[in-house]
Structures are given as structure tokens and as C-alpha cells.
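Pasting the structures in now, so scroll down.
Both complexes shown next keep chain A, but they swap its partner, so chain B is in the first and chain C is in the second.
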Partner chain A sequence: MRAADVTAAAATPPPAAAPAPPVAAAGSVLRRLTGLELRRYARHPLFLIGAVLSAAVAAAPPDHDTSTFFNPIVPAAALGVLGLVATASLTRSAQVLRESAGAAPVPERTQTAALALACLLPFAVGVAWFGLSVWGYHRQPPAPEGFPFGDVSSSWKWALLFGEGAMAALGGPLLGIVIGRWWPRRGVAPMLAVLLVAVVIVMQGLFDPLIRVRVVMPFTYWGGPHGDPGHWRILTGSPQWWVAYLVCLCGLAVVGALWHDPGARGRRLYAASLALLLAAVVTCGLAMFTGVGNVLTNPLPS
Partner chain B sequence: MNLTGSPRPNASAHPLAWYAARAVPWLLTGAGCTMIVGLMVLVGRWPGVMWPLEGTALGLLAGVVAWANDERCAAIVDTLPRSLRWRTLARSVALGLVLAVWIACLLAQWHRLPPHLPLFALQGAAAAAAALAVTVWRRAAGSPEPGRAFASVIIPASAALALIRPAARRLPLFPIWLGEDWARGTVIWTAVLGASFVILTLALADRDAPPVLARLVQSVRPVR
Partner chain C sequence: MNEPLVTVEAVTKRYGHTVALDATSLTLRPGVTGLLGPNGAGKTTLIRILTTATAPSGGRVTVFGHDATGSLADRTEVRRRLGYVPQEVRFPRGLTCFAFVDYIAVLKEWSDAGRRHAEVSRVLDLVGLGDRATRKIRTLSGGQRRRLALAQAFLGSPRLLVLDEPTTGLDPEQRASLRALLSEHGRTATVLLATHQTEDVAALCERVIVVDAGRIRFDGTVAEFVATAAGRVWLGDSPLPGALQTWRTGTGRIRSIGGVAPTTPVPAVTAAEPTVEDAYLLMLGPAARAAAEVAA
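== the complex of A and B ==
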């Protein structure tokens, strides 16, 4: 983003002819800042790389055994992991511009809110990916001996695709804002992204002792190959509640980023953070202990 | 020592070593090397499952080399008599260290990895050379901190490519299974290494020297 864009948005007062109420003025500033941050995000090389990667892989036909159910790793990696580093960089550069401006006329929380709203761009791409995945599933459903199998509900399938794909495309960039606000040092965001990838791979359900607790992670698998070729398994838990848990995590990320501004730490933010934290604990527990009770292996015993 | 790189009277270290000890971001380099070791331990323990971490570690390796070539005070440093070539040579200690860590990881786990150790070593060398070439080229063009931008792209992009493995048959960047095209992978990484050397040579070329073509012509037809 050009410095002029930020300073213009930050310094341009509302029209002087008809003084607007403070709330309306704040809304107008937020809208303009969000537009600027959206443009900055859309031009960021990491977003462009991620979008191109996603589009390239989306063009591939669905798999015979699993249809599109193992494709959400693409938006998760290309929009989530890359988005984490992208928004950390955008947040840091916005902060540098704020500091160089001296007394910025826009509070930090407004800028954070604008950055968070800009994350709707990768989320929109993730939702488009989700739509394509559902369409691909209907066009070429998995083979009966493939994944998913048995009588799992449609909401189970859509929650899996939405949580692993679209929610990861939103959660990664939001986490990047938190990192950019709290740890704006060189190298922190890429290294945390690497750590996140490593932990997520460990917790993707491939190790039996971790199958139940794997749902605490922002990305995990809900099934996978089971030893011999042609054998698949469905892992325990409820992807529907997991999506609700991810929504809470995204909310907590926004609260965590806003918390950096001492002026934003009012009673409402405090209450929102407590409510989100409580909801996250409850939904995570529900994702862990409801839904599929035991690991199912294909072929199911008749 | 003063800013020109001349040692103080009581400084016994070689100017290159003295400069490297202060110019390289050792905290980032150390953290990066530690993470590479950790990632490769996971890869060695469960290669079939953790293989995306091999590509991720390669991206981190490139990032560490890139960070070491950032010169925050470029506006001052560029005016001093120590050339970019001299400074790059000093900062290359980070490249040597991270490559040594990479090779040590491979040797320590060679019996657990696919039997293509030379390719894995080539991957490390090519990733490091590419990072060095791009950052030195950008430094020569006047950018003070090219490593920060390069590392911010290459680390997450490597992780994403290793996770997604797009067009793995035609573009085997991080092959693992025996049926994959290992020869093509070797060609790709050799090309990356070769291109990096060319870019590095051009970036570090002496700007005051006459162009190569002019020197060739002069050698054939000496000017009277």
C-alpha cells in the first residue's frame, strides 16, 4: 500500500459542511479504511500466489475414491498459511505508517477492525472453493468403498468441507493480524506459520492417541486411509460443532487483535472475549465428544 | 572497529569475522536452524506422514539465508569502502551454518529417508543459493532489506507447495515415493542452483569494470 493511501484515509476528515454524528463518522472512516485494506490485501503477492494455486488445483477433476473431500488442504495452505504471513505483514506496515504519522487521527482499533474486515476477501475465495467442492462432489461422488462412506449426514460432509477450507482461509489471516499487532518483529510470522503447519500435521488424526483431542486444532482431518490401500476410516467427533468452535476462534482472534489498543479495552470487549472463550471451550468439547463416537473403518461390518 | 570495517587496535579478530559476528542476525539464524532440526527430526521419524515438513524446512533454510543479507543501515553502509562482495562474503557464514545443519540432519537420518540423499543435499544447496542470489541482487539494486520480503514469501510459499504438491508428476519439487520422477526433480533443483549462480555472479560483478563483450573485443583487437 502506498503511504499516501493510508495517510489520506487516516487524515481526511468527514465533510465539513454537514457535521455528521460521531458514530456515523466512525462508520464512514471504517468503511473507507476497509476499502483501502481490501485493495492492499488483493494486491499482496502472497494472496495472489494463494489464489493462483487454489485456482490451479480447483481445475483438477475430483478423485475417484474421495471426490473433493481431501482437497480443502489447498485453500487451508494457499489462503490460510499464506494469508497469516500476508496479514501480519500488512498489519505491521500499517503500524509503521501510523507511527511515522505521529498523532494518527484514526484509533488503532478502527484500523484493526478494517484489517479484520479485509480478511473477508480470502474468506470469499474460500467460500467459492467450498461451492466448487460441493459441486464437484455432486458431479462425481466418491466410490462406495471410498471416503466418506456409511450413513454420515450431508451436514457432516458440508461442515467438513467448510471447516477445513473456508474457515481456514478466514482464520489464518485473522491470526496474522494478532501476530502483526503483538509480535511485529522480523521473522516471527513466517516462523509461527511453520510451527503451526508442523503442529497441525502432527494433530491431523494420523496418530491414534491424538484422534480425540485433534479437534482443538484449527485444521484437522475427519478421516483418511487406513493401512491397506482401498480402506478408509472416519474419525471421531462432530465437524458441525467444530465449525462453531472455529467461528469462536476467529472471534477470539479479532478480540485479541483489538485488545492491543488500550483504548479498546472497554467493558464490551471484555464481555465479548469472555463469552467467546466460554463458547470456544463448550463447542470444542462438543466437537470432541459428540457426533461419530468411535472410529469407523471401511468396509463396515454388515 | 570503525564503520569502514577496519579493526580497532585491540581487536584481534579478522575484519571479515568481526563483521560477520555483528552483521548476521544470530537470534533469527539460531531459531531457524533449531526449527530445521526439529522439522527434520519429525520427517525422519515418520517420513510418509511428515514429508511436507521437508519442503517447509527447505523454505525456512532459504529464509534464514535471506535474513542474513538484510542491511538495515544500507544508506550508510553503501557509502563505505567495503564492497557488497566483501559484505556478502562475511554474511555468507549464515549460509554455511544453515547448510551444515541441513547436511547434518540428512546424514543423521539417512537410513530413515528415501535413498536419494544427493538430491536432498542438492535441494538444500539450491534453496540457499537461490535465497543468496535474489537478496544480493536486490541489495545491489538498492533495496535495504530484501531478505525480509523474500523470507516472508518463500517460507509460507514453500510450506504451501509442500502441503499441496500441485502437479506432483510434472513438477516433482519435493518427491518422496519411489514411483515419482526423481530424475526430473534433480534437473529442476540443478537448474535452480545454476540460475542462482548466474544471478549471483551478475549481482556481484564489478560495476566499474568494462562489460564482458567489450573486454573480449579488446583482447582480440588491442586499442592502440
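== the complex of A and C ==
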């Protein structure tokens, strides 16, 4: 018996380096992973449900009073909220795959980046929905007593539709990746989705004291019926800057998800998060205090 | 071919006040090495350090000339060269066998689709799942899932293959197939096999390392390990007085390991050929531990 506690490692000759397997360029691996994640996303039942619901709403005739301006709730819920749950689940399973490999040379951040790029799929559906909504608006604009009214600019209208619909279809899934990375337990994502919806309901401009600050939310309304008999109102703020703020939030979500990988926490990511945070604060402030200064009420009853 | 590919130098791992590995040193060369030890002995900790999944509290690990405890670039180089089957492998829902291995192949930097798909098909064939490539993982049996976990480790025929209890859940035929696969792989590569199955070690390994309480208790050939039990295993009609472990065998005779050898020939008691399990029980079995504690 060799009651060996120790093999004299120091005495052994230096090992020869084994030939490495063909190493792919980082960009090439990211492309492949993004392709795989896109495929997984496209097959996710929640995405399919969301895409069908969004298509159904886009195909429906515009409303007499509001044309397509109150339709964004559908892609926001179906692609955004359901997308949040879907990507949280995809992120969890991506981690399971990573753990199955034991120790993979491709870092977690590449996988996270691929998941984030896969969110361009629901965003593309959201953008298509936006295009159809603009077309629907031109086909049947709202009645004079409806919403929007007066001389709000075209960019105001398109920013509203884009922010509430297309950006929600991107932001929800990106938030799902953050949840999947940091709180990978099953059930957390649906719970947080319900919480998010609850907060959004409170912050959609129903309560006058919250009208100005409501733009901090990733989804909010920019008008609505008010009083009896009802008159449509346009709420304060700038949807154009709000879209810029949402872009910053999306960027922060990506940074937040990447931050989970200790290897990713370099100077560049730190600088990017600070820049995005600063930009988010500035654009949120601009969304709050520029654009429509006071609540406007349509003089015509709806 | 015979130079060490893996060198572990005075590696220690602490979890709070618990020492999981205590100044452990070893080297690994091509061939199949068994890593034996009870639960909590430090086998998985050692494996996780070797495969860069966990950083040690102290010491150094070199794999193929790269510092497995060093920079991220070094650790990545190590990861490029190893296949690893963790003790517990979970599978995501909804994936097919092919999609599962294909995804992991991309994580292992197989980016060329044609070559990757050919390699995925090869490893699935290797573990006998080629005909189930398009089946959903949820439809597989436990043994098939275990083989699927093994398949990913063979991607690229790594020169270091680390398997943490790979035969759990496999039926005898599957275990025999796996042994054939590992012995073939071990002809050119370094295979480290952590297991509780002493028969796998006996059937497959050239060398065995026994770990207990974070320390290496034995490091040598399997024959040397079995020899530690020579003359201490008996077959008789009744338990041998003072035996550390006894049980009735299928033939109805009592197998006694350890204890006091008969000073005079007893017709009913005969010396038995020791096995790896006998040697293991003599070294680390509960009775051996209790005896050691009493002696201490």
C-alpha cells in the first residue's frame, strides 16, 4: 500500500500543452447562440400566444373615438408581460444548460447577450404592430370628440404608440432576463409580472396627483376619458422623451442582466451602467416636464 | 504521453470553518483513474476545482499547462480542453436530445453548424442515443438521461474527461457499455471517475485515489489497493470474531472482513480473494472508522 497523502507534484516535469480544439471567434459564438435563443423564443408558447393576440388586435378595425391609440395595451400585455415570464423561463433553462456542461468556455455574459438579442423577436412583432397601428390611424383617424384631439404633433402620436406598444414588447422580455438571472426560482417571474401590472394600473394617470410622475413607469397612458358626461383628456408630459427614457431602461436591463456574471463587471460595463442611469434620470425628467404642460380636455363630449 | 496532464499542488478548500479539501496534491496522467470516497469526503469539491467550477481557498491546479486557478483566460483555456459530467445534471423542458447537446456544443465554441451537427450526432451515437436524437428529453428514462449527460462531455473528444458518479441510474448493460467507452477513451486521454461503485473501479480503473475527510488516504494502482485487504477477508459458516463487517453471501456462507485471523486452521473458514470493495470497507467503512476512533 502506498499510504500516499502527497504525490510530489513539484518533482514532475512541466506538462506539455494539449492542442486546443478549434476556437471560434467570440462574435461567431454570439451569433450562433443568438440563433439558438431566437429559435427557443419563437417556439415559446407564451410568445406565440402574444404574437397571435397582437396580430388579432392589429387586424381589428380602429375604434371610432380613439382609432388605434388604446390598442397598445394588447402588445404590452401579450408581448411585454407574457414576454417577461417567457424570457425569465428561457434564462433559467439557459442556465440549466450551462450547468449541464459543467464548465463551458463561453462565458455567461455571451449567453446573456444572446438572450437579450433574442428579445428583438418580440420587438420586431411590436414594431410590425406599430406600423399597422399607424396605418390604421391613417385609415380611420379618431373622431373630433375622441382622443387624441387638438393640435398634438404627429411625433407625439407615434411616440405614444411606439412607447406603449413596441417598447413594451422589448422591455418586458429584457426585464425577464434580469429576473431569470438574479431570481431564478420558478414562480418569481409571474409574481413580479402581476406586481408590475398592479403598479402600472395605479400609475396610468387615473389619480390626478400621480399624473406628472406616472411617466417613471415602463407603461402608462397619455390620455383617457374623464368626468360625466365624459370628455377625453390628454395628460402631461412628452411621450417622445418617454420613449428615450424607455430605451435607457432597456439598456439598464441588459446591463443588469450582464452584471450577474462577475467576469463581465469590467470598467466598460460600469461606465455603461452609470451613463445609462444618468441618461434615464435626465430623459425621465424631460418626459415629465416637457411636452404637454397641463392636462388638456377635449371640449366636445365623447 | 506519460507526463502529467493535471497537477494539483497543496489545494485547500474551506467552506466557512469546514475544510472540504486539506492541502491535497496529486497528478493525473493518461488512463482511467477512480476517485473513491464516502459522501462528503471532498471528491466533488476536488472535481469542481479541477474543472474550474470552484476556486480553491489555496494551492494551485495546472491542467495542460494552464493554471486552472489563475486568470479568466487561463481558466477558459482549461475549459476548452475538458469534458465534465457534474454529479447532478438537470435538463430544460421541451428540448430534444439533439437540441440539448447542440446548445452545449455552442457553449463549447463549436460555431460551425455543419461540423457541430456532425459532432453532436457522433457523441449521441457514442452513448447509444443516436436513434433518439429527435426525442424530447422528458420522454427518456433515467438511464437514458444519464447517457445524454455523458454525451455532451465527449464533444470534441476531450483529453481530460471528468465524470462525477456517471453510472448512477444505469442498468448493467448500460454500465458495461459506458465502461467500454471510457476504457477506450482512457487509452489516449485522462479520465477521472468519481464514484461510489467499487465494481466500476475494479472493472475499469488502472489507478485509484481514495479521499476521506478532505485528504487523500490512498493513491496507487487498483491491484495495490486490493492488496491492502489481502489476508483479511474470510468465508465461513459463522461471522469471524472481531470482524469489522460481515454479511451472508448468496451461497449461504458468511463473508467476514477484518477481524482476527484464525491462529489454527479451521476447516469451515477459508481465506477469500479480496475485492476493491473489501479494501474500501477496511479502509473507510463505518466499522473501520469506529475501530480507528477506539484505537485513537
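Everything that follows uses one rule, which is that the second predicted complex is superposed on the first by the 273 of 302 C-alpha atoms of A that agree within 3 Å, B and C clash if a C-alpha of one lies under 4 Å from a C-alpha of the other, contacts with A are read in each partner's own complex, and residues count from 1 in each chain.
The rule is simple: contacts are C-beta pairs under 8 Å (C-beta built on N, C-alpha and C of every residue); 3 or more make two chains touch, one makes a residue touch a chain.
For clarity, every value in this text was computed on a predicted model and none was experimentally measured.
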Which of chain B and chain C A:I177 touches, first, second, both or neither: neither
Chain B versus chain C, judged by how many residues of chain A each one touches: C
Touching partner for A:A77 - first (chain B), second (chain C), both, neither: first
Touching partner for A:I49 - first (chain B), second (chain C), both, neither: first
First, second, both or neither for A:L36, with chain B first and chain C second: second
Which superposed partner A:V96 touches (first chain B, second chain C, both, neither): second
Chain B versus chain C as contact partner of A:A253, first or second or both or neither: neither
On chain A, positions contacted by chain B and by chain C: none
Complex contacts: residues of chain A adjacent to chain C: 1-10, 12-18, 20-25, 28-29, 31-33, 36, 43, 92-94, 96-107, 111, 263
Chain C residues within the chain A interface of the complex: 3-9, 23, 25-27, 51-53, 62, 64-66, 72, 76-86, 89-95, 100, 102-104, 106-113, 149, 152-153, 156, 159, 162, 215-220, 224-225, 227-228
Chain B - residues contacting chain A, complex: 25, 28, 31-32, 35, 38-39, 42, 49-50, 52-53, 56, 59-60, 63, 67, 70, 148, 151-153, 155-157, 159-161, 163-164, 166-167
Residues on chain A engaged by chain B in the complex (per definition of touch): 45-46, 49-50, 53, 56-57, 73-74, 76-78, 81-82, 84-85, 89, 186-187, 189-191, 193-195, 197-198, 201-202, 206
